[in-house]
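A single structure is presented below for examination.
Letters A, B, C and D name the chains as they come in the text, with residue numbers starting at 1 for each one.
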Amino acid sequence: MAGNTIGKLFKLTTYGESHGKAIGGIIDGCPSGLTLDFDAIQDELNRRKPGQSKIVTQRKEPDSVEFYSGIFEGVTTGTPIGFVIHNTNQKSKDYSHIKDVYRPSHADYTYEKKYGVRDYRGGGRSSARETASRVVAGAIAKQMLASIEINAFTSSVGDIFIDKPYQDLDFSKTESNIIRCPDEATAEKMIAKVEEIKKQGDTIGGTITCVIKNVPVGLGEPVFDKLHAELGKAMLSINAVKGFEYGSGFCGAKMKGSEHNDLFNKDGTTKTNLSGGIQGGISNGMDIYFRVAFKPVATVIQKQDALNSAGEIVEMQGKGRHDPCVVPRAVPIVEAMAALVIADYMLLRRQETNK
Amino acid sequence: MAGNTIGKLFKLTTYGESHGKAIGGIIDGCPSGLTLDFDAIQDELNRRKPGQSKIVTQRKEPDSVEFYSGIFEGVTTGTPIGFVIHNTNQKSKDYSHIKDVYRPSHADYTYEKKYGVRDYRGGGRSSARETASRVVAGAIAKQMLASIEINAFTSSVGDIFIDKPYQDLDFSKTESNIIRCPDEATAEKMIAKVEEIKKQGDTIGGTITCVIKNVPVGLGEPVFDKLHAELGKAMLSINAVKGFEYGSGFCGAKMKGSEHNDLFNKDGTTKTNLSGGIQGGISNGMDIYFRVAFKPVATVIQKQDALNSAGEIVEMQGKGRHDPCVVPRAVPIVEAMAALVIADYMLLRRQETNK
Amino acid sequence: MAGNTIGKLFKLTTYGESHGKAIGGIIDGCPSGLTLDFDAIQDELNRRKPGQSKIVTQRKEPDSVEFYSGIFEGVTTGTPIGFVIHNTNQKSKDYSHIKDVYRPSHADYTYEKKYGVRDYRGGGRSSARETASRVVAGAIAKQMLASIEINAFTSSVGDIFIDKPYQDLDFSKTESNIIRCPDEATAEKMIAKVEEIKKQGDTIGGTITCVIKNVPVGLGEPVFDKLHAELGKAMLSINAVKGFEYGSGFCGAKMKGSEHNDLFNKDGTTKTNLSGGIQGGISNGMDIYFRVAFKPVATVIQKQDALNSAGEIVEMQGKGRHDPCVVPRAVPIVEAMAALVIADYMLLRRQETNK
Amino acid sequence: MAGNTIGKLFKLTTYGESHGKAIGGIIDGCPSGLTLDFDAIQDELNRRKPGQSKIVTQRKEPDSVEFYSGIFEGVTTGTPIGFVIHNTNQKSKDYSHIKDVYRPSHADYTYEKKYGVRDYRGGGRSSARETASRVVAGAIAKQMLASIEINAFTSSVGDIFIDKPYQDLDFSKTESNIIRCPDEATAEKMIAKVEEIKKQGDTIGGTITCVIKNVPVGLGEPVFDKLHAELGKAMLSINAVKGFEYGSGFCGAKMKGSEHNDLFNKDGTTKTNLSGGIQGGISNGMDIYFRVAFKPVATVIQKQDALNSAGEIVEMQGKGRHDPCVVPRAVPIVEAMAALVIADYMLLRRQETNK
């Protein structure tokens, strides 16, 4: 398996299975001289961790990160930052019931066919547990990007969505409710919806919107590494993501050019921002915003047919500690991935001109 | 500018500006021993080229490709394939009117701010002319993937869309009309729509759907280089693309897990395919399908305000040879990018197991 | 700092400072299905570790490796292999005497000037302690390359060298003496030399020769990634290395073509092997052999002038636990780096032809 | 074939066979705003081209480069620079005599075994003709590095060598003689030697030394991408190179630490420079110098046994237009590769610290 690294200059490589000894990663390329706020890193992990509210999985994992290298007296040294999150929940659970079974719409079947072998415990490498490492690295990237604001929030759960433009939202309220929706009335409906779904033993999808403010003009490397292409890839690499759109997105495909064009102000800003802050693959200084679609979690607490390695259809039933809706815990993951991409492109931008 | 290469093993690097001497590229990593069908390559270029029908730009560019290396007696040798498409249309046109002007929703402003200098003639590097090189490389990738079928088609123009599942379409009809929509009744409506928009001097967006059949199980490199993440990046790197979704996509975000899960048949195929042929980032052997959103072309034949380098708002008007809708010409580009990604992952797959 | 990764498909990324909490790495791209011999891995670490004989540093470090991921029931799963070696020797030693001092011919000065900050404890990232991670990964690569023999040995210490062609040596004797020279008479002289140098509080350089047998024809990726170019880079990346030559090497530069050409046998082997098993950057099936030059260790137990951060020349003296000659402990490092390169190129070779 | 790209940020990808239509390349990552001196680029090509003197091959190739992109009004735009050198010498020569023959110590055998097919005309991709593309890119890199001096020269031919330290040489004299040795008395001997060898129909090896002055402190990316490791790889990727050493090199392996250490001056410079300007993989501001060993050209104008594809030994004889000694024409190639590496590391250095 190649594919465990993201970034060209600010690079994160991760390792680890859901129920192995530990997960972790290496950040290679973090500039030296950055004084780290370790509490802020842990805060981001806490936003992602299981058991944080009644509408997420009730598994208990402290998810505390330990740094092994790259930091001296609290400051990054420019050398690779090795970190680890020990798996405390890797109890001697009996997994024999899923050992030879491929759960529907999970990665069990594809991993086994690809690699000929798999660590079936809790989904192994395909578990979203891996994203904790991304959150650690993203938290460091955020600190490097002190002047840039990255705000993700739950914009829909099932068919309940915020029907306001993001400009009318107060992002400081995102963390004030357990679904992470800054619009309080909508948040209440969303929470009720998730609780209802949970009672049914079912799961539900949703979308997350992310807004990035104060990005300087000039981030992005045409033609293949356009800024939104890399943001899209980063988001699509998150477990359960099925779609990505930025700026006008799929709505833009219905519009006319005369409606869609963003006319300039004299200072280079634009009167509208259907471009989503990126033109020709390069940031133009306006807000970058995009939307990410998450499918419903595949593990449902209902009986379902599965396939076993003998080619038989067998009945199975999920256990009780999965997320009825992945979206609230995915908000910090979306922010982390956005931070990693922006940090990488901030470094890439440094050599664009001759000096 | 880094960013002009796509692929890890089957790698394409492109160069060239819209009105420079030539555009072209290098394919590094094409396996040796592939007998090339040069007519088929030119056919793909012809599907993309200007002037092919009344609903696309009437510019005349023959777009004939010349190969400089990597092929001996019609067979790939494993060495890099250098190719070129000479720009015959680079006439001594007077571009002074756009020299100091940034057109709205083009890349003029961002290129100039990023690089401090730009080739303003016809959009320079940001012109979709660059995609001709992608089509050349994609045509070779398609030939390498002889057993895999890649079919893209226009699925919507403005608010006119095919209201059938792709399984009910006959892809052999895609090329039978100038909008490249395999559903003939819808095609007629789309064409009428584009003609109407063209008369208005306006432009309109649309979507392209792509279906990839006969992909073996096992393509994809978790966790960051999931197959759909790389497909998404490849599509988002195409000019004017604003969104990407695969399988259930944004609709999936509204669904419940009990509805969304794809139950297995005994042979490992699935009864439904909301997964879109990819689970955990790895192909599962079912059809891969995805949808790409294109915004309306920014150049409209109407007066618009633009910004000049002196910080003044000036009125400008597009000239008469631009595409009213980019979608029909983008169909072969979507296929080319899909072929490049699949070819790359077919090679990557070769070393996943110990042997 | 970028630069902590080696390999294109079989990739090792390392982290860790000499006196930090731990060193370690991630191997991304190891094929699945490889049953690991953990004792063999530890054996390689033991060949490198301090304190193993009277002629190496007497520091005590157990150097035991712990695997965190990528292995399930003793078999590689294709997912990234995360591993760690905890630093047990990171005692609360007082390093204040070197905090502001740049030792001559160490990396103290360059690290501080480059990064503006450094972990001065024991050389930090520039310490050869980092190579323990390489030995772990190299040991796994060796197991993947079961049919290929990689034998490195000490070929000279100061001006004492083996004056026989490698074909006359019995590599099974390399480990029978503490200098790792398979020629016993020469080994004795070398050991005496190192002991003499050690008594003087001085250090001495040496060379290591490495012979790789049973390499299949076809490894190497021209033009920039020729097999010997990557081997050379890998060796030059080892601490204290000043030179690399393969086949006829620098002697070849004195020869005539009529003497130097390796004439063929009918089976494609060659009568001589001045090419060193590589022609045009690609292995030809003959033995690959190369020689690596190591400078004397910079830390001498004699008084020396050093520079401090105030721009003053200060006298300093090395402490008593450094290697008088780095070569015996570097033998397994050279083998590890060779194994990493060969493993990577074995995987790269899998996609050279169309199939 | 992967492997046709060098560089991480300042990237060169080349293509082309000796007797194909053209050779060329793409430079991706050259910063914008660099005003190019095209005559200086052609001058470098002229230093490399055949037929320039009586002691090199008498083939006639004008080797004039044409730029297709990336430059506007003489200034780099930051977009990829595509360039081509058309092969004017690709006459309809009859190559049937070497079609099925593997010449000794050439790459014929290895290419055919690796790829199953090869362009046998004039060595195809394995021909040193490919290095013309490197010289073009290196010439641009040199212009980017205006304040850095890169001087290579012939330091030995066979057993004739300059017996002075490089500090005693006047590099302005390198181009004053056809062997490119700045020591005139030695140059005469070298030229006489090559002429003698040429009369014998034989070839001879040699070494090139390269000195890089005014390199700022801080270039180099530990641990695997140390500056000298990348320089070594770049040099080893040149056709016919068998060895690389920098600073004290192989001599350093015979020395004692007390002799070898470079003591500091108060300003951070060192009294000696056995380190060769690089410590811990990072430049320290002193002169970087290294030496490269070239084997004798394999094509001799004498009868030799070769192998054919039927497994028979056949007699063959080289034709009369090959180089008796590759070294004089390789001097600009060594400089070009050095410039490419230094340019890349100058860009990499821009993001090492947080700012």
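A few comments on the model shown:
Everything below uses one rule, namely that contacts are C-beta pairs under 8 Å (C-beta built on N, C-alpha and C of every residue); 3 or more make two chains touch, one makes a residue touch a chain.
Bear in mind the structure is a predicted one, so any value in this text is a computation, not a measurement.
Shared contact partners of chain A and chain B, listed by label: C, D. When the C-beta contacts at B-C and at B-D are tallied, the pair with the greater total is B-D. Inter-chain spacing, taken between the CA centroids of chain C and chain D, is 26 Å.
Remark: chain A and chain D have CA centroids separated by 46 Å (rounded to whole angstrom). The distance from the centre of chain B to the centre of chain C, with each centre set as the mean of the Cα atoms, comes to 46 Å. Our note on geometry: chain B versus chain D, Cα centroid distance of 39 Å, whole angstroms. Looking at chain C, residues 1-5, 9, 14, 29, 32-33, 78-79, 114-116, 125, 222, 352-353 sit in touch with two or more other chains. On the side of chain B, the complex with chain D involves touching residues 1-5, 9, 11, 13-17, 20-26, 28-29, 32-33, 66-70, 72, 75-82, 84, 114-119, 124-125.
Interface residues of chain C facing chain B in the complex, by the touch rule stated above, are 9, 29, 31-34, 76, 78-79, 144, 222, 347, 350-355. Chain C contributes residues 1-6, 8, 14, 102, 104-107, 109-111, 113-116, 125-126, 130, 156, 158-159, 197, 202-207, 217-218, 220-226, 228-230, 232-234, 236-237, 242-250, 252-268, 270, 274-276, 279-284, 293-300, 302, 304-307, 311-313, 348-349, 352-353 to its touches with chain D in the complex.
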